[in-house]
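What follows is a group of structures, each given as structure tokens.
Here subunit A shows up in two complexes: once beside subunit B, once beside subunit C.
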Partner chain A sequence: MLLYTLLAGLLFGLYFSLIGLGLNLVFGVMRIVNLAHGDFLMLGAFLAFWLFTLFAVNPISAIPIVFALFAVVGLPLYYLLVPRLLKARDPEMLSFILFFGLSQVIEAITTIAFGTSERSIPGVQLGIVIATVKGLFVGHKVDNGPIEIFGQTFPAAWVASGVVSGLAVLFVYLYLYRTRLGYLTRAVMVNREEAIATGINVHRVSAFAFGIGLGLAAVAGVFAPFMLGSITPAMGVEVTVTSFTVIVIGSLGNPLGTVLGGLVYGISYMFMQSYYSSWANLLPYLLLIAILLVRPSGLLGRQVRRA
Partner chain B sequence: MTRYTIFALLVASMTSATAFAQGTGAPAEIKLGTLYASSGRFASISMPVHDGLKLWLEQKNAEGGVFVKAFNKKIPLKLIAYDDQSNNATAATLYNQLITQDKVDILVSDSGSVLTSVAVPIARDHKMLLIDQTGTGANFFTPDNPYIVLMSDPVSSIWPKPLADFITHDGPKLGIKRVAILYSTNDFTGTQANAVRKFIKESNSGVEIVYDEGIPTETSNYTVLLNNIRATNPDAVIELGYAPNDIAFLRNVQDSGIKPKFLFCIYPGLETELLEKNVGGAGLNYVFTYVPSSEIAYQASFGMPLKDYKAAWDKKYVDSKVEFGFNSVAGYTTGLVIESALAAANSLDQLELRKAIFSLSGKLRTLDGTFELDATGAQIGEITPLGQLILDEHEHLKFVTVWPHDVATGKPVYPRP
Partner chain C sequence: MRHVLLILVPVVATFAILPSVYSNHLLLFNFMIFIMLAQGVNVIYGFTGYLPFGYVGFFGAGAYGFSLMVIHLQAPPLLALPVGAGAAVVLGLFLTPLFRLSGAYFSIANLAAALAVLQVVSNPNLESITKGPYGISLSGVFNPTLAYGTALAVLAATLGLVIYLRNSRFGMALQAIREDPISAGMAGINVVRERIIAWLLSALIAGLAGGVFAWYVSVFYPETVFSGEFTIFAIVFALFGGNATVVGPILGVVILYGLYNAVGISTPQYFQLIYGALIMGLVLFLPNGLVSLLRRWGLNVP
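So, the complex of A and B:
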């Protein structure tokens, strides 16, 4: 039971790293809190759902489509909202209000469009992909059921989301540390004013980061029907709260700290569910309070600000 | 002859004067106040109930209103409905608003125990009768509170009796000796879990509860919990949650490869269409559940029978964004009870309305079964038998009723293949 809980926590935590990754990237670059983050995740989930329902697109195949679409939508949305917001005296605080409003609008429109009922994609769809990939390695056909890890069986969807989350973290790492745009992004993260003074096109860099942030949220949404039971237009707020917890644990403004935050959250959640199940949903708030009291900058806070 | 004529005229004039007096005090409309959740966790059980109630109300208004005995005439209904967004705090404010600002004549709660729970004390404080649509939490009904009556669903303290009776009577013969109970900690499923536990323990059948855990209603992932349940090696798993819980639970059962020999959930029966969309026919195959009125064609002595109601529903709600299921029937049943009560009550006084509703107990038969109340206002009629969902050769899910034996339509399949 202990090993199962630990492994489940790791897989679940990886998924929550993916959920928080985009939010933290946006905060790190723009110092604004995107309270509509969970709603973009929800939109990504609905896009994957409709791609599957209408065109039988497997969720894994939907990932590049969903990511590209949301990243592209993020660019004009950035120019529409963020530059004006950053001119305000307290953009961080105003971003709460602006994105809360956006969150409400997105939820309302989605409810009108799709109704209030729960929607899902069959879990076997991810199992098929895992089995196909595994079959290529072992050279024969593999069952598309649950996956065994260290003698413990987990739903294929968990493993798929864990792998994609890992790849997403790698993508963000490579973007930040191995591309020119990434270097500029990190420069903006360290000091926006200095970046402007050195001639960096801050808005261009920020717009890309905003687009990538939305794209990552939408990719997390693709796995929401499998990891969060089902999807509804109202799921965004809860997701935003959890992802906010994850990034505060890891460190606000440090996208890679999100991985640590996600793992701490995932493992703690699974242990709570195993041993104090009635109290499991208090965990995000307990962790949030504990981190803010003990280490307000987050577990990786200081290193990042100096990076 | 002249004397008789004068007497007849006097009687006629007195009768018409009484009728005039009754008619003059009549309001232009009867205000019916209610809440619904268009978003959030309870939207999928709230909207069908609300739509069912609206369907009844619009039908009545198309006929010129409902007959109100107190005024001896038909009066149109006015629906005042607010969206509580599945939020208890918002619901509390809106219930207060309906009573104090809108001054509704009839107060109807939102669907489900969670959103009804806040209405119970508010209605009681304001001495308003709460027409409780589907809030079955046992603690809502106490002998000292006359301001609540339950319309649909048996109160949760007796609702799971067919399930517990099946497990304790037929269970041991089938090989069910160890039972796991996993429930969401809210008024509805918490009460159901207490009832199941009590019935099993009191039965002295030798059936043992080997796992008994409560989890938050917001739980959306059950993989670790399922693994913990498996470790206790149960013969039967009973999961008690709302529709989103059941969807997540059953999907996790499918995906994790765990195959409980006996699996019971509430909502595969209550909202079959919704569950099938999310879990699929295979995921619901052989699952035990309640057989609700949306599946049994009860002989209705009042209101539309199930077939006609379903046709009316399909005609009105063509967009199919809200699935038809037990909750759709529950909303319509609420309307029928209100209509019958207004036709029997001598005034719109809240306790008079209660008296009128109680006078229907055991007599009113709707598409939801026989409406029957105990002294506290809890529903003890409209019992839902225990059934098992089976995929037929056309891949359609059908209900096989397995308990009580006198209404059984087939034998249970155990263990689940």
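So, the complex of A and C:
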């Protein structure tokens, strides 16, 4: 039981890191709060659902398509919204309201287009992929049922989500620390004014970060039917709150801190579920407030307060 | 004094007279509730710049404080109301440490606090105290006429408070804190104290509104009075009209909530779409609200 809870918490924790990752990247670079984050995740989930239903595209193969599409949508969306917003008196606060409006628009359009019924993708689809990959290593065909780790059995979908989330974190790390654009991105995160002064095209860097942020949200959406339950147009708000909890625990504005936040959140969530389930829903909020009060900058953060 | 005559008296008189000519009293009542809430957001966001993303927590605390007094102590409603409002103020006091956080951190923590209160109130384990998720019924004290009258009084008090803030040294001090807390402190303003007073006043308004709301509707669920829509509506109404003014939030409520009732009830998705687009347009093109438009035409907006 203890081992099972811990391992399940780890898998969910990795997935929660993926959920928060895009939001944190956007906040870190632009200092704006993307309250529509959960809705982009919802759109990603719907895209994966339709790709699977109409063209029988396996969710794993859908990931690159989903990511690319949302990253490409993110660039013009950035130029449409953010530069104008940053000219206002208090962009950080107004971004709350602006992106709340965007989330309303997305939710309304999705509802008008698809209705409010719940949808899901059969979890066995992810099992098939894992079984195929395993089959390549082992050399013979493997059964695509649940997966065993340290003697505990987990649904294949959980393992697949955990692995892909880990890979996505690695991807963001490589982008930030091994590419030129990532180097510039980190410069903007550390000090925006100095980045402008050194001639960095801040808007270009931010637009890319915004696109990647949306892409990551959408990729997290691909796994939403397996990890968060069935998908509906209204699921966005709850996801947004969860992702906030995750990134605040990790530390706002530090994308890699998100991983720590996700793991802390996932493991404590699983323990609450197993041992104290009726109060489990209270956990994210209490954790959020406690962390904010004790260490407002998050577990890994630097000092951020101004006044 | 001029503002009291020009704004407070006409608004309150309108809501006092309308029930005799217009039969949908619940709608009129909701208009009053939203004017109170929008003004409450105005007090804390408009004047001090802290965006309370969990503002509904005070509303819910007021509603539950009121209801629990009535259910467990059989208190008369007019006595239960101040107690309910007191519950909201106590919650506000508990949350004062959040002011150590700035900007987005404060808003998120406030949201989390409101959701945490909802989780506690609606927890089935506390059914004997709060009725858990099964909701509250106050049929014993149901009295819409008196509740409506009380709401009028609360509305008048709220408007009076905002008019006072708009014209007093205290209101100026709050706006100075919003613009630059450090300079305000240097100018001799007790930043921490003034900010907390504004916060508690704002909580008091929402608590009173919640209490009257509970009394008037008399049957509700935890999700009803802790619904995030109250927060969002109140913030958007206040922002749409124009913060740190008296008329702004009233204008916002009358226009947007009127629109909501004209379109929103029959086709909610289309309303949501229009609403979302309106909010985005507002932030991008008119971040200081409708009153900034009036100001541009050279009018002095109270």
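Basically, the second predicted complex is superposed on the first by the 302 of 307 C-alpha atoms of A that agree within 3 Å, B and C clash if a C-alpha of one lies under 4 Å from a C-alpha of the other, contacts with A are read in each partner's own complex, and residues count from 1 in each chain.
Assume contacts are C-beta pairs under 8 Å (C-beta built on N, C-alpha and C of every residue); 3 or more make two chains touch, one makes a residue touch a chain.
Please read all numbers here as calculations on a predicted model, not as lab measurements.
Novice: Looking at the combined model built on subunit A, do subunit B and subunit C fit side by side or clash?
Specialist: clash
Novice: Is A:R178 touching anything from subunit B or subunit C once the two structures are fitted on A? First, second, both or neither.
Specialist: A:R178 sits against neither subunit B nor subunit C.
Novice: Please indicate which partner A:S278 is in contact with in the superposed arrangement: first for subunit B, second for subunit C, both, or neither.
Specialist: both
Novice: Quick check for you: in the superposed arrangement, does A:T111 touch first (subunit B), second (subunit C), both or neither?
Specialist: In the superposed model, A:T111 contacts both subunit B and subunit C.
Novice: Examine A:Y4 and indicate which partner it touches, taking first as subunit B and second as subunit C; both and neither are also allowed.
Specialist: Touch status of A:Y4: first partner only.
Novice: Using the touch definition from the top, say if A:G229 reaches subunit B (first), subunit C (second), both or neither.
Specialist: first
Novice: What is the contact status of A:L286 with respect to subunit B (first) and subunit C (second): first, second, both, or neither?
Specialist: second
Novice: Taking the superposition as given, does A:P155 touch the first partner, subunit B, the second, subunit C, both, or neither?
Specialist: Touch status of A:P155: first partner only.
Novice: When the complexes are fitted on the C-alpha atoms of A, one of 1-9, 19-27, 55-63 or 181-189 in subunit C overlaps subunit B. Which is it?
Specialist: Here subunit C runs into subunit B along 19-27, and the other listed stretches stay clear.
Novice: For subunit A, which residues belong to both interfaces, subunit B and subunit C?
Specialist: Correct list for subunit A: 107, 111, 278-279, 281.
Novice: Touching residues of subunit A toward subunit B in the complex: what are they?
Specialist: Against subunit B, subunit A makes touches at 1, 4-5, 8, 12, 107, 111, 114-120, 122-124, 127, 145-146, 152-158, 226-230, 232-234, 238, 270, 273-274, 277-281.
Novice: Could you list, by residue number, the parts of subunit A that touch subunit C in their complex?
Specialist: Counting only subunit A, the residues touching subunit C are 27, 33, 81, 84-85, 88-90, 92-94, 96-98, 100-109, 111-112, 237, 241, 244-245, 248, 252, 278-279, 281-282, 284-286, 288-289, 292-293, 296, 304-307.
Novice: Can you check the complex and tell me which residues of subunit B touch subunit A?
Specialist: 37-41, 43-44, 47, 85-86, 185, 213-216, 218-221, 223-225, 227-228, 231, 243-245, 247-249, 251-252, 254-257, 274, 277-280, 319, 321-323
Novice: For the complex, which residues does subunit C have touching subunit A?
Specialist: 49, 51, 53, 97-98, 100-105, 107-109, 111-113, 115-116, 119-120, 123-125, 181-182, 228, 232, 235-236, 239, 269-270, 272-273, 275-280, 282-284, 287-288
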